[in-house]
Amino acid sequence: MGSFIGHALPGTFFIMMGFWWTTKNILKSVYKKHTRTCYLNSKTLLRRIEIWEGVVVVIMALTGIAGEQFISGGPALILYKDGQWNQILGWHHTTMYFFFGLQGVTQIVCFTTNALPLSLSKLMLANAIFVETFIFYNHTHGREMVDIFVHQLLSYTTTAAGLVAFMEFLTKNNVLLELVRSSLILLQGTWFWQVAFVLYPPKGRATWNLSDIGNKMFLSMCFCWHYASIVMLIGVIFALANWLVKSRLRKVCTSEVGLLKHVDREQESEEEV
Amino acid sequence: MGSFIGHALPGTFFIMMGFWWTTKNILKSVYKKHTRTCYLNSKTLLRRIEIWEGVVVVIMALTGIAGEQFISGGPALILYKDGQWNQILGWHHTTMYFFFGLQGVTQIVCFTTNALPLSLSKLMLANAIFVETFIFYNHTHGREMVDIFVHQLLSYTTTAAGLVAFMEFLTKNNVLLELVRSSLILLQGTWFWQVAFVLYPPKGRATWNLSDIGNKMFLSMCFCWHYASIVMLIGVIFALANWLVKSRLRKVCTSEVGLLKHVDREQESEEEV
Amino acid sequence: MGSFIGHALPGTFFIMMGFWWTTKNILKSVYKKHTRTCYLNSKTLLRRIEIWEGVVVVIMALTGIAGEQFISGGPALILYKDGQWNQILGWHHTTMYFFFGLQGVTQIVCFTTNALPLSLSKLMLANAIFVETFIFYNHTHGREMVDIFVHQLLSYTTTAAGLVAFMEFLTKNNVLLELVRSSLILLQGTWFWQVAFVLYPPKGRATWNLSDIGNKMFLSMCFCWHYASIVMLIGVIFALANWLVKSRLRKVCTSEVGLLKHVDREQESEEEV
Amino acid sequence: MGSFIGHALPGTFFIMMGFWWTTKNILKSVYKKHTRTCYLNSKTLLRRIEIWEGVVVVIMALTGIAGEQFISGGPALILYKDGQWNQILGWHHTTMYFFFGLQGVTQIVCFTTNALPLSLSKLMLANAIFVETFIFYNHTHGREMVDIFVHQLLSYTTTAAGLVAFMEFLTKNNVLLELVRSSLILLQGTWFWQVAFVLYPPKGRATWNLSDIGNKMFLSMCFCWHYASIVMLIGVIFALANWLVKSRLRKVCTSEVGLLKHVDREQESEEEV
């Protein structure tokens, strides 16, 4: 890290995962809402998807670790050199990636064998996110105000994401909680890109004054704008998914599903209003 | 903002919404308690009320945004001017209003179409309140002690309100939680008025010494008095609503409801004592 | 306040209430455990007890307010005098007592009429305790280290007590939560007495050095000892109550209850182990 | 304390308890999963195990107290000497051990008599852990940066462990929560050993520079590595236990259990996916 690419890479990873989780959860929820009958067929498919998700997470984590250790003057797996810790910040990042990798491995093991309980993978996710928060909190010693602040915002996001992941683990199958977590992961991803642009502006752009209180105040607002965009994006995806599933199902089994939908809607409105 | 009217306007908005939510929740709860039979008739009415609520929130948010941007030397939608951020505080307020507007839009969409889950609007409310807290927290750099303190009190209130709104989202249909949230929104509203009077005293009144510890200690107590008044007000509304619904229902269906009420009361006392 | 008696009085109030709540909850729980048959008879009794509890709380609050305002040079209901706030600390204490009085009134109204939901009194208790925390937090400006520290410990206790009271409000009828809250109220009571002895030692005793770190470290430990004593006391009361109810019931209906008890015990061990 | 052995002893205690709890919970969970039929036979055994657990905890606490008070120049039960508190840090440690002893006693009483509710022992555990956190928080006045930091990490761990223990008390019988708590206790244990090596390096090893920010950053990462190792260890124990119970049960009642397992797996996947 300590470079544009070092912030853009994890940002891209988080955006990809956040986007994928959002889409998966919305599709699952919408599909479940419209068809309660043919739900059981997709069991094996879902299980396979979870396994592939785990594999992708592991690959991302390994990429990140490799990038931190060997590219652009990383520590190259040497922890202690010349009487002091060797590139401790690079090792911090390695540790963060490692915990996400551990989550991926857990997910693969959970869904291939039946040895571990399924919700363990969610617990490991909360764990990985909390470790990330903890390391970010001990990461920015002696830097400039705005630099510290943008990393603080990252650790606020991850604190919230970790808490939500933990709540998901306690109360299973709440779609909205899963969406909240996905949105926070997306926020983290886009914010990593923002940090990259603020701390390491590409050539041709003006550098930011890292000790200007005005910049800090702008960035705190900018952070909210990121979240507003993400929330609206998720809303659009939800509406699209709803429309897509509805129109596709109408072709297949018009009369029958229509009947079911009518019943569902009534039940829901009774529950929720 | 930065003026009496800039604090009185959001104060008025919050008082209106808080008062409306209080009344709505109390009436819903009292009505439900006394008549379990004719409850289903009011479904469509409730749905329509929620939609109108959303519309009002959107109008309030737009009013607030317009006021912040164009009245009394606001930034007029220009973010960056002459090498520095243009009126960043005005933009902060705009952002806060925007998130409340987003909540209003979500509520309208949730209750007109069936595309989004109904409890999403509650989640967006928690979200808007947390964003408000976050921005207030990064808002008062370099001001005087009492100025910072009165804004801190606002962010304490919003933190509590946000947490309660989130709890409502998790545990649906708990009337008392809804009342707690309404009371905190009311508190926020009256406190905005108090802040207006403290920071921008109307002509003819003495100005407050913003660095006097005595004033800080008085205001911390005053904050509690606001809440005490609100709690007592809600108690009175509850009693009035109870008496009103009871006396109106007695006219309609004396014998039948009396029987139901008797059963209900017993069930409740068994549950709650 | 600002005197030995000013700390001893609320201490005594909290000890009395804590002791009473402990005893009530333990008796209720033990009685319920041993006899599930004759439980319904005690409904009216319980209701009457709650009302009297409310009356006692109101009397305590009024005593406290009167003491703060009129005895030993209090503000005598004058808020602003000679261009500054009049005895703001006395007003702080008055505010605290007032919120506890409000809780008492709510409890009386809840249990005499059926206009308000019963769990409102628990919510008002959480509210009163949080207000106390908030005021203590803004109360000790410019004092010496140990003085600040002993008040901080009070506000830690009340934070915990407030959270537990709020949890009680959400999850009704958990005996152990009620005992935790009672124990924290007792802790607060005994700690008020400790504070009285530390800050205003009776004549003939050495005064404490309020800026000695050793004293601070001792008091933090002493605080734990208070809690240990309280926990052990509650354990003893529980065992006594259990033995008492058991032996009294044995006389009344030996064979029948014995049978019930046997069934209960099995059910419990299945649930809890 | 203040010595290598003074940190290694509690470390060993926590590692032993953490390891034991992990194994017990995993075996209980795996056993329950594979055989729902023969479960009831083990009731008495479980009860006896809990009692012995209590006895071991009491013995550990007494050992710790004795060590603190009488070995290596401890306070020898004298609290006040020569006008000042006598070895206040030793008394702090005594207090911590005492609360764990109290937990042990509670557990013995809960499981031998039926006077106290069973979940009280879990509450007392949360209590003991919170007291430990509180004392550590008031323990490190005036020490060097790294020294303070490693104790802070201990109190973070215990805060988390206390919260999880409290959640266990509220939501009974969640195996994964019990494993989280066990893992945090193990983390505490191994971290005590790490602290011993950092603050009191054995002869022949270099001493650590306690005011070097590099060391602090390394230790914050090292803390995460400890946790990663523990999580992986627990994973391995889980897999081993699963394999062991499966293979042993296969011998006893092949066809019957196979059938049950098939049903269980389906139910689970329906619940959790």
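A, B, C and D are the chain letters, set down in written order, and residue numbers restart from 1 in every chain.
Definition applied: a residue touches a chain if its C-beta (ideal position, glycine included) is under 8 Å from a C-beta of that chain, and two chains touch if they have at least 3 such contacts.
Heads up on the chains, UniProt names are A, B, C, D = Transmembrane protein 45A.
Please read these numbers as outputs of a predicted model, since none were measured by experiment.
Student: Same or different, please, for the chain C to chain D contact, judged on whether over half of the interface numbers appear on both copies.
Tutor: Different-residue interface.
Student: Among the chains, which has its CA centre at the largest distance from chain B's?
Tutor: Farthest by centroid: D.
Student: Just how far, in Å, is the C-alpha centre of chain C from the one of chain A?
Tutor: Comparing mean C-alpha positions, chain C is 44 Å from chain A.
Student: What is the distance, in whole Å, between the centres of chain B and chain C, each centre taken as the mean of its C-alpha atoms?
Tutor: 31
Student: Quick one: which residues in chain D touch 2 or more of the other chains?
Tutor: none
Student: Going by the touch definition at the top, which pairs of chains touch each other?
Tutor: Touching chain pairs, listed by label, are A-B, A-D, B-C, C-D.
Student: Which residues of chain A touch chain B once you look at their complex with the stated criterion?
Tutor: 29, 156, 167, 171, 174-176, 180, 213-218, 220-221, 223-225, 227-228, 231-232, 235, 238-239, 242-243, 265, 268-273
Student: If we count contacts the way the header does, which residues on chain A are in touch with chain D in the complex?
Tutor: For chain A paired with chain D, touching residues are 43, 46-47, 50, 84-85, 88-89, 91-92, 95, 98-99, 102, 106, 109, 114-120, 123-124, 127, 131, 134-135, 138-139, 141-142, 169-170, 172.
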